[in-house]
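In the two complexes below, chain A is the common chain; its partner is chain B in one and chain C in the other.
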Partner chain A sequence: MGKTPFKERYPTLKSFITGVSPNPCLAERYIPKTNIYDRREWRGVVGTTRSFFFWLNTWRQMASMAMASPIRTLKGFWKYRWLSAYLCTPHMVDKWTAGDRGIVLKCDYVAINCMIADTVDILKKMIKADRKLGENKYSDKVIPFDYTLARHIMHGFPDYDSVNINQQCAFMLPIFRMELGAYYVDAAVSMGIPQDMCTLPLVEVGVAVDGEYPDLGCCWLSTNNPCDANMMDNAAMYRALSNNGAKPNHAFTSPLMYDDPTTQELAVYEIYSAINFLEEQLGVPFNWDSFTKSLELTNRFNEQEVERWDIYASSNFIGLNGVCQGLFRIYFYQQGANKYFTKASDRLQELFIEGYKKKINTIPNARHRAVAWSCGSTYFSHGVIWLYNCWGISCVINMDSLTGHHIIDTSNRECMMEDVADLYARTPMRTHTVGGNRHILQVFETARKFNCDMIIMYDDIGCKGMAGCQGLLEEEFRKHSDEFHICWMPHALMDHRTVSPRDARAAVNEYMYTVMKEEPVDPTLVDFDDSEGW
Partner chain B sequence: MKILGKIAVGLFGLLTALALIFYYNLDMKLMYYVIVPFLTKHYDSRKIIRKL
Partner chain C sequence: MKDLKHLLRFEDLLQEANNDLVRQAKDEGKLALAYNCSYIPEPLLDVEGCFGVRLRAPNCTSPDMATYYMTTRSCPYAKSILERGFEGGYNFADALIGQECCTTMNRMENYFTYCDLIPNEKFFVTCVDVPINRTQWHEGYFERQLMHKVLKPMKDVYGIEITDEKLAASIEMHNEMCRLISEIGEYRKEDNPRITGYEFHIIQLVTQTCPTYLIMDMLRETAEELKTRKPEPKPWFRTRVMLVGSEVDDPEYTKLIEMCGAMVVADRYCFGSLPGREQIEIKEGERPLHALARHYLSNNMCPRTMGPRNIKDRKIYIYNKAVEYKAEGIIFHNMKFCEYWGYERAQDAHWLEDAFVVPASIPTCQVERDYTTAAAGQLRTRFQAFIESLEIKCIQDKKGA
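Up next is the complex of A and B:
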């Protein structure tokens, strides 16, 4: 591909200084066949300087992780393939902020910095506690739990650290380097697990069969997970994370039919049951004050989040781009309120209010406002940014952002526990894709609320639940075709070989050319080869 | 004053070098062409007994 001359990219001095180009030609910045920049994006003087200092800070945080226990960290990198993914964090930041300018860049960096700081914190704890890297007493002070469980009840044991172990060791991997998802899928399949199930539990099992989960804590808190594909991985995960039954395990289950009132009592019982299990294993009583305080912080975050959604719905101030908005929200839901998220949310609130009052249009190239529905890809999580940069489709909100966000009544314990049970039930994926088709069909109501004219419907081809809904969805889409443009975007969640990012882009391109009869905002992004990228 | 001047020049030089590494994406190029292939070769060479 020939490079666009500098003068065409930046026809005026102002466009160079501000970094706002009429011909951004983003794909020309990549090393051929990859999505890795040959030269990082020029975002204008202020934006590039901001990016530079953010990059420095990212490396500082990564170095702090290594320096916390240098020998153990080195051993970890030598032992665990998954840990090498985190070396590519600056690349993830590049992917997640492609095309960002001005206040959006500022907001995105606040959200990403929070996630990086929180992840570094967890990785430090994992490395410090892992018995496979050397025996130590700290390990008993750590509670390992399944990452599809939110952290809330762990806050009731303030003297203990908790680690959602498979989030760092499995879920995050293709976000950094897509080939890592494929490697662990193959590892699981080589042991006889069917290849055609959801690739998320396949990756989790792959890490388990390779013996790469750290050994930490004195017990293992598992869950029934949001979908039935995970049934396949339960035994492998149990064996790996309980050391073949040597560590006590408790399944903290949550109802799938969560809005059926008859499940409420059971859901509350399950929380008490999990708390009792942890009290027995740790030998300390549950600290209700600490638990309640963490829930109040969660309430505060959720109140601010809903206010931000109001701004999205009523203006063109889309402060966080699609990928940062979605992952920041999901990450918060899983981690629960802590110092990083509280601080980041406060700062975001200031920036959002400032941007809203100044009536800043953060999506000047937008032709469509979209809601992205169903489960999104991990290896192509930045696909929502591509949608905007290439076709001017601004993904205002996505399905998994709308996980549990109701306010918990902390005034009395009975109400509080009922609300917490509901919060646990409304996890990412589970909220809309299980418990009755009325949940998945909330897409239309959501699109209306957020003032969208388009629906990007993710088609995770390995998801049996959603495949079962395909006919129903098509029927409903036809009923709403005068109200919304609806475009399927295929992916295979964790395995880029089945549906590559290029294939996903091709499906959208075809829709935009043939159905919408539109031309791309940035033609270089329409079709490019990134098959050897991360 | 001389020491302060030297520190300022040193800092400026360091920042310039870092800015070049940043803009030319040398950190991720190092990862892509050297570190990740090296680590992957190491991981692939290990004998792993897979257990379900």
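Up next is the complex of A and C:
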């Protein structure tokens, strides 16, 4: 099929200069069979220039990581397959900003830049501290912990750096390159774990099976967050992460029925218990001032975030697109308030207020405002962008963003610890999916709050918690069918072979054609082959 | 071997959840408290005026309704229980004492109220939060959970006050049952055991699914009978195995293994007696409820407990029991889609093969199974191959010696 002529894409000079085209034909820009652009997306003069400099800046940051310890970095690339994923970062930026123009592009770059800077920082620390790349004293100054735990208590040890060990080595991989998720799933399955489990912990275990976790610190924290499978992967990775039992480990657990008042004492106890463990292992007392200060920064971020949500709920100024909004939020939850996030949040706040005051409609093609519910895919994290560009479905908010945003009362320690316990219990992929049906059914209340008419219901086929409530959801959806359109979008979280992005798109396409009787905004995006893409 | 006097009766009792003895207890005006998990203290449900029934769904081959609610990708055990609930198989239940231990089970228990499955206005489902770590403090927490989630609703809904005295009496009865079961189970350690794994499995299941006070006489008689029971002149089996994994509430599964030529000498699975049938000690000055919490928390080998000590202890426990019961190999299995045992099975098998944290290596076999023994042909092939490999190993060891 031939490409759309230039004149049809940009019928006026203005449309060319601004990059706002009535026929964007985004899929025509992909190299055949991939989702990789054959050339930079034209976003108008200003947008393309901004995009070019952002691209340069991304490489600059990555180069800074390599230059921080060049020999160790080279060794890392030689030793760890997963590290190569980060070479695809510029492509990830392209995926996450497809179709972005104007202030949305600005906001998205602020959020993405923050995540890249933070990731580069962590990778630098990991490479510097990894004993597998050479003995060093710095490693003892690092606290490794499971990435589904938030970082907060680690801020109570300000002389130590903390590294959420499986975030960079496992969770992020399919976001950059989808094949990498599948590779590590196979590695986990090769040791006998069934493939029908949730693929996220399988990838984590796969990295352990291949012996590709860095050797950091003198101890590590595991957790039961967010679900049964993730809890069990901690056991499966025990030998690898503890150097065959040599490194002490503590299980930092949170009750699943977190909003049951009778479980609160357990939640608080477990935090003190984790702090005691770290004090014993590190031989230094917990610094309450530093901890409290970090919580105050977290509060500040959360206050700003809630204000941004208010803007989403009450206007068409959706400053961050679906994927940037979701991952920025989740990433913040895991990392806690640090210099990157507080700075980015301040800047976003300025842009949001500016956009809101100017009443900018950032979703001019939107036919539906949607809430994306249940756990989303990693290899097709950009699916929400496709929903908007192809069908005009703007995902205003997603389930995993709505976690850990309660303000912590730092005025006295007892209240503070109760609030921190609550913060630890309400993690992404957990707040709404475990602990009873009432949590998952908050979807309707959320959709109403955010003024949505559609629910994009992710169907992660490996998730046992969600599989268990399928019928409940079907029945509740029927009860709410006059209020919301409900579209199921299947995926397999980390393994693109089970449900490919194309399969996920096909499910939505079918719904939009047959149920909604709508025509696509960009017909080139409806069905295209990206099986060899990243 | 001569048939056990009550074996047919026991088998009959396992044909449905609402069996003769359950009906008898209900006719006597007692409340039936259903439960699903080995963390729920049985004596707490067997207090005066009540009796506990661990839910099973015998012969459930096609859980269609439950599949609508829980998809084809959920644990078939949980789905079968739900299906039986839809069929009215648990209409006798007055309450379901649930737990938030595994999410699938929790979802299934929630459907009992969401779908209004039990035609009893007073029926309630309660969920105990069982801690994942284990210390003295956690025992106290578990005790408080039992107070909030079991004692309180029992009083509020049915007016049943569970006092220390009632609990102590219930624990005493439970201990006698455990003593009898353990006595019966000990015979499996003999070189030529006077009881089969299948028979033991049947007896163990009866103790979980029938009102305890109504089976005590039969248990006593069986224990007495076994004292003088003569085994076959020569062992009927070719090898001895230990069965480890998730729920096995179908004695046909044990029979399947034994028909392949291996005697199941030790049962370390949900519904099994290792652990589960140890007597509960009430320490001096200790409240019976605390004793229950302590016992059920610390004596449980469920893979959901975390931390290095618990992870290692589970492997060491399996190894020790295998040695104690002279098992020559271990069959690890998990119910399909079980997240806990899917991981634990693989890890257990690797650690025991590698002799990691245990003194020596033991041959292992790993299988995944459905709730029913529908895939019996495939399983039989696996078991036969494993048993053959154990025999070969045994011959080689003898030659080497």
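Assume the second predicted complex is superposed on the first by the 532 of 534 C-alpha atoms of A that agree within 3 Å, B and C clash if a C-alpha of one lies under 4 Å from a C-alpha of the other, contacts with A are read in each partner's own complex, and residues count from 1 in each chain.
Methods note: a residue touches a chain if its C-beta (ideal position, glycine included) is under 8 Å from a C-beta of that chain, and two chains touch if they have at least 3 such contacts.
Quick caveat, the model's predicted, so the values are computed rather than measured.
Of the two partner chains, neither chain B nor chain C is touched by A:Leu423.
Touch criterion met: A:Ala236 reaches chain B and chain C at once. Contacts of A:Ile360 after superposition on the shared chain: neither chain B nor chain C is touched. In the superposed pair of complexes, A:Thr34 makes contact with chain B only, with no contact to chain C. Of the two partner chains placed around the shared chain by superposition, chain B and chain C are both touched by A:Gly192.
In the superposition on chain A, A:Cys219 makes contact with neither chain B nor chain C.
Of the two partner chains placed around the shared chain by superposition, chain C is the only one that A:Cys469 touches, whereas chain B remains out of contact.
Partner contacting the larger number of chain A residues, of chain B and chain C: C.
Overlap of the chain B and chain C contact sets on chain A: residues 191-193, 205, 235-236, 239.
Across the interface of their complex, chain A is touched by residues 68-71, 73-75, 78, 100, 102-104, 106-108, 110-111, 114, 127, 129, 131-133, 137-138, 141, 144-145, 148-149, 303-304, 306-308, 311-312, 334, 336-337, 339-340, 342-347, 349-350, 356-357, 366, 368 of chain C.
Residues of chain B touching chain A in their complex: 18-19, 22-25, 27-29, 31-32, 35-36, 39-40, 42-43, 48-52. Chain A contributes residues 191-194, 196-198, 205, 222, 224, 227-229, 231-236, 238-239, 242, 244-245, 248-251, 253, 255-257, 260, 262-263, 265-266, 269-270, 273, 433-437, 461-462, 464-465, 467-472, 474 to its touches with chain C in the complex.
Residue ranges on chain A touching chain B, taken from their complex, read 31, 34, 36-40, 48, 51-52, 55-56, 59, 77-78, 81, 84, 87-88, 90-91, 94, 177, 187, 190-193, 205, 208-211, 235-236, 239, 534.
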